[in-house]
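Order of writing sets the chain letters: A, B and C. Residues in each chain are counted from 1.
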Amino acid sequence: MRRVAIVGVGQTKYQSRRDDCSYDELVFEAVNRAFEGVDLTIKDVQAMVFSLAPDSLSGLSNAERCCVGAIGAQDKPFMRVNTGGSTGISAVQVGFYHVASGAFDVVLVAGADRVGESGDAQTILNKMWDPYYERPLPLNAINMLALSAVRYMHKYGMTEEHMALVTVKDRRNAAKNPYAHIRKPATVEEVMASRVISWPIKLFDACPQSSGGCAIILCSEEWVRKVTARPAWIQGVGHHSETYFMGDRMGPKRINDHADAEAKGQAIRKAYRMAGIEDPRREIQVAELYAPFSNTEYHAIDAAGFFPKGESLKLMEKGFFNLDGEIPINPSGGVLCSNPIAVTAMVRVGEAALQVMGSAGERQVPGARKALATGNGGDHQFFGAVIVGSEKN
Amino acid sequence: MNSELRTMQAHWDLHYEHSIGPTASRFFNEIEANKKIMGKKCPSCDRVLLPPRSFCDRCYVETTDWVEIGGQGVIEAFTLVYQAFKGLPDPPYALAYVLLDGADTAMAGFIRGLDLSDHRQALSKINIGRRVKVAFAEERKGSVLDFWFELL
Amino acid sequence: MPRKVAITAVAQTPYSAAHQELSLEELIFQTVNAVLAKAGVGIAAVDSIVISSSDQVDGRAISIMVTSGPVGAYGKDLLNAPSSGEHALALAYLRVASGMFDTSLVVGWNKCSEPDDMSNVQNLTADYIYHRDLGFNDTLALALQAGTYMTRYDVPEEAAAWVVAKNRKNGARNPLAHLRQPVRLEEVKEAPYVAWPLRRSFLPPDSDGVCALLIASEDKVPQLAPQGAAWIRGLGWATDTHWLGDRALDSMNSLALAARNAYRSAGLRRPFEELDVIEIHEPSAYHELMTYEALGLCDPGQARRLVEKEETALGGKLPVNPSGGALSANPYFATGLVRAAEAALQVMGQAGDHQVPGAGLSLASAVCGFAGQGGSVFILSNRPE
């Protein structure tokens, strides 16, 4: 299969609202940033992929249609991807297939979200459940993962303090990321004292509602040399679906537990297999794992297969996953500090790419050669994984 | 030149009439008329699925037998909600997934009757593994809100 | 060179005004089971899945969540291209052509009966800054385009009316069509205007339905389609800007580009002569005429000549829409995918009562967005090359 590399990454600063621009202008901003320092123009791009999760969050149905100009897709092949929260990483994979198939050499993947403008994201996210069995109950993206947290506590002994450690780490990292939404450091005490949203998830355990855009340029191996000296090669991709019913992930006849992120692990293992990674603990130097709530970083780390499940708790206490630790997790601050839903999972890939390109500024992990990025969608149901590396493999 | 920035208000007003099919229809008919909770069995993996569905997504075959589910069960997961969300009920409330006796998958519902004014107090009374019973509303409409769970 | 990919099996629900007997999930489950049965395999044989629908028509914020079970995606790689059903086919093609997967299900659907107002749903795709308050929906945009076209080229209403009569006559022979009664030309011409120049009769119905295809790489085709497959010999898709005022509305620009790309990849130089049958997505009768021109079957403005000579009737030189087209069945986002399904049935010799005898090379076209903002074209053949 043809080799594909990421040659450009563009992001806008994530914040609650962007009152200074329209939706498509936000996309335009991210796209322009992706071309900085890359020997390509929009005219070289042969196909575009738009990353957009629930339309209702930005209030514009099929918003991709209004963004044709912003993404430079006039007269070009153009399609949109939506897998819920994992949309951004699915979109990168779709771009990957555009190139790996031999159909195109240069593809642009981009999108934006304005979650902060929806009034209340959870009202909308409640509508993702089926209309008859579960939507009448106030299920939303926060309590669905609070339910996971409670099971993880029961299964592995996670405490609210463990959760707070994740927030402390991610906020500290975000302070070094000029794009992050929440950059204010937090202490364990502050997290513990923050108000309860859906126990055990408290305000400081939760991601913000962010607006912002992201764009990634992909090239075939023939083009990469002409375009940049520091590509991030896509060495592995994987995607996997869990059952939609959260209740099926409970009880003695379950296969996967709602406490864990097994299906994420399966997506990651597909990517490892493709990348020829047999010992992730030693071969991956950094990971951007999709974790919108502090508790979810634990089952995400477990899914990466570095250690047996549940051991991430002890290791977090020891600082193993800190920016200066052995395997930094979410050096960007992660989803916990910025969540522009339509592109959040693309940002994970972008940040992983910046790491192996050596372009991650103050949040750079020294010597990063292979990085793992993941995305989650639906009710902890759809999972994408991408491995990027500084070598072609 | 007046370049003062503006915003625009927008509102989505969408109404649907969803056909829910024979399986979900029977589930709600039994709740409304008979205060009975019914699950449906997959002939391949033998799981009794609750809420019932026409097919098992794991085995990808149609479910066959209807099974009457017991009035008690065990909490598999729960959360205590203290944040108001637009269009969703006023907090505080407790949501749980319960594995009812006779079912192999857990079903969601409110836990009522628990004092939630202090979440730490509430947490001393509720845990994974706690047994609960199903309670039904006097007036039922054929909805998952026609029943809830109470701690035993 | 990308691997060769073929459509090996097709299944569709009977399209209707409302499938109230089953939930959306059950309808999808039934259709996917049908396509697997046609291919003689179980869900385990499916490596990957791509779906497409409109969340706003489905009434679910992320429709793929509840529908992932019915399409058989449990434990599998599932992607969703909800810009339009035909994009799901294009994406699935890329995935199999890349060598990453050997098979892919492609499933599209919409139940137009469930939202109380399809026009309201469509209005939400109009940007709130300039167009939503004007009440834009699909029909208004199509009307602006059709009016521009027929005025510029002086196309008589008779030509559009003839298309309706033709497609409805064809639809009557398609047991799966939603509208299965032919209509008289007089009836068509007397229907009231919904938005000039579009009479109600010139517009498709709103239908409920699901369409599923199973595609496979050349290695798997002999096993899955021993009687013959529909090889994807070429494809192309393109988009125009959403600003209607920026576009030349008297032609279908993005569809013409898509056709050019598809013809190039299929090595087709004289489509009118080389193609045996075409399935066109006609969001209005005028749009079928405009599509003849976009596909290069005739010069701009000359579609009426093809109509005068009845070239695209079922017995004509190049039958168009033997299935009855969108005018006979229109499950909204899935309509474009249905065109590919019907074009595949033709070259597989499985189109039953509406089979064009000896069809070996077919074309499917699809459009999406206001006034055909996006266009896609697939070239299918009963031979791999």
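Everything below uses one rule, namely that a residue touches a chain if its C-beta (ideal position, glycine included) is under 8 Å from a C-beta of that chain, and two chains touch if they have at least 3 such contacts.
No experiment lies behind these values; they were computed from the predicted model shown.
Q: Where the centre means the average of the CA atoms, what chain is farthest from subunit A?
A: Greatest centre separation from subunit A goes to chain C.
Q: I'd like the most central chain, judged by C-alpha centroids against the all-protein C-alpha centroid.
A: That would be chain A.
Q: Consider the two chain pairs B-C and A-B; indicate the one with the greater count of contacting C-beta pairs.
A: A-B
Q: Cα centroid separation between subunit A and subunit C, in whole Å?
A: Those two chain centres are 34 Å apart.
Q: So, what's the distance in Å between the C-alpha centres of subunit B and subunit A?
A: Between these chains, centre-to-centre, one finds 29 Å.
Q: Hey, how far is the Cα centre of subunit B from the one of subunit C, in Å?
A: Subunit B and subunit C have C-alpha centres separated by 39 Å.
Q: Among the residues of subunit B, which are close enough to touch at least two other chains?
A: 10, 12, 16, 18, 20, 24, 57-58
Q: Mind pulling the subunit C residues that touch 2 or more other chains?
A: 25, 56, 59, 68-69, 74-75, 121, 124, 128-129
Q: Counting only residues that touch at least two other chains, what does the list for subunit A look like?
A: 56, 59, 126, 131, 243-245
Q: Where on subunit C is subunit B touching in the complex?
A: Per the stated touch rule, the residues are 18-26, 29, 42-43, 56, 59, 68-70, 72, 74-75, 111, 113-117, 120-121, 124, 128-129, 132.
Q: Per the contact definition, I'd like the list of subunit B residues that touch subunit C in the complex.
A: Listed in rising order, the residues of subunit B that touch subunit C are 8, 10, 12-24, 53-55, 57-58, 60.
Q: Residue numbers of subunit A touching subunit B in their complex, please.
A: Contacts found on subunit A: 19-20, 56, 59, 119-120, 122-123, 126, 131-134, 136-140, 142-143, 146-151, 154, 195-201, 243-248, 250-255, 258.
Q: Applying the document's contact rule, which stretches of subunit B touch subunit A when the two form their complex?
A: 5, 7, 10, 12, 16, 18, 20, 24, 28, 45, 47, 49-51, 57-58, 76-83, 85-89, 93, 95, 97, 99, 103-110, 119, 123, 127-129, 143-145
Q: Where on subunit C does subunit A make contact in their complex?
A: 1-2, 25, 54-56, 59-62, 64-66, 68-69, 73-83, 87, 90-91, 93-95, 97-100, 121, 124-125, 127-129, 236-243, 253-254, 257, 261, 369-370, 373-374
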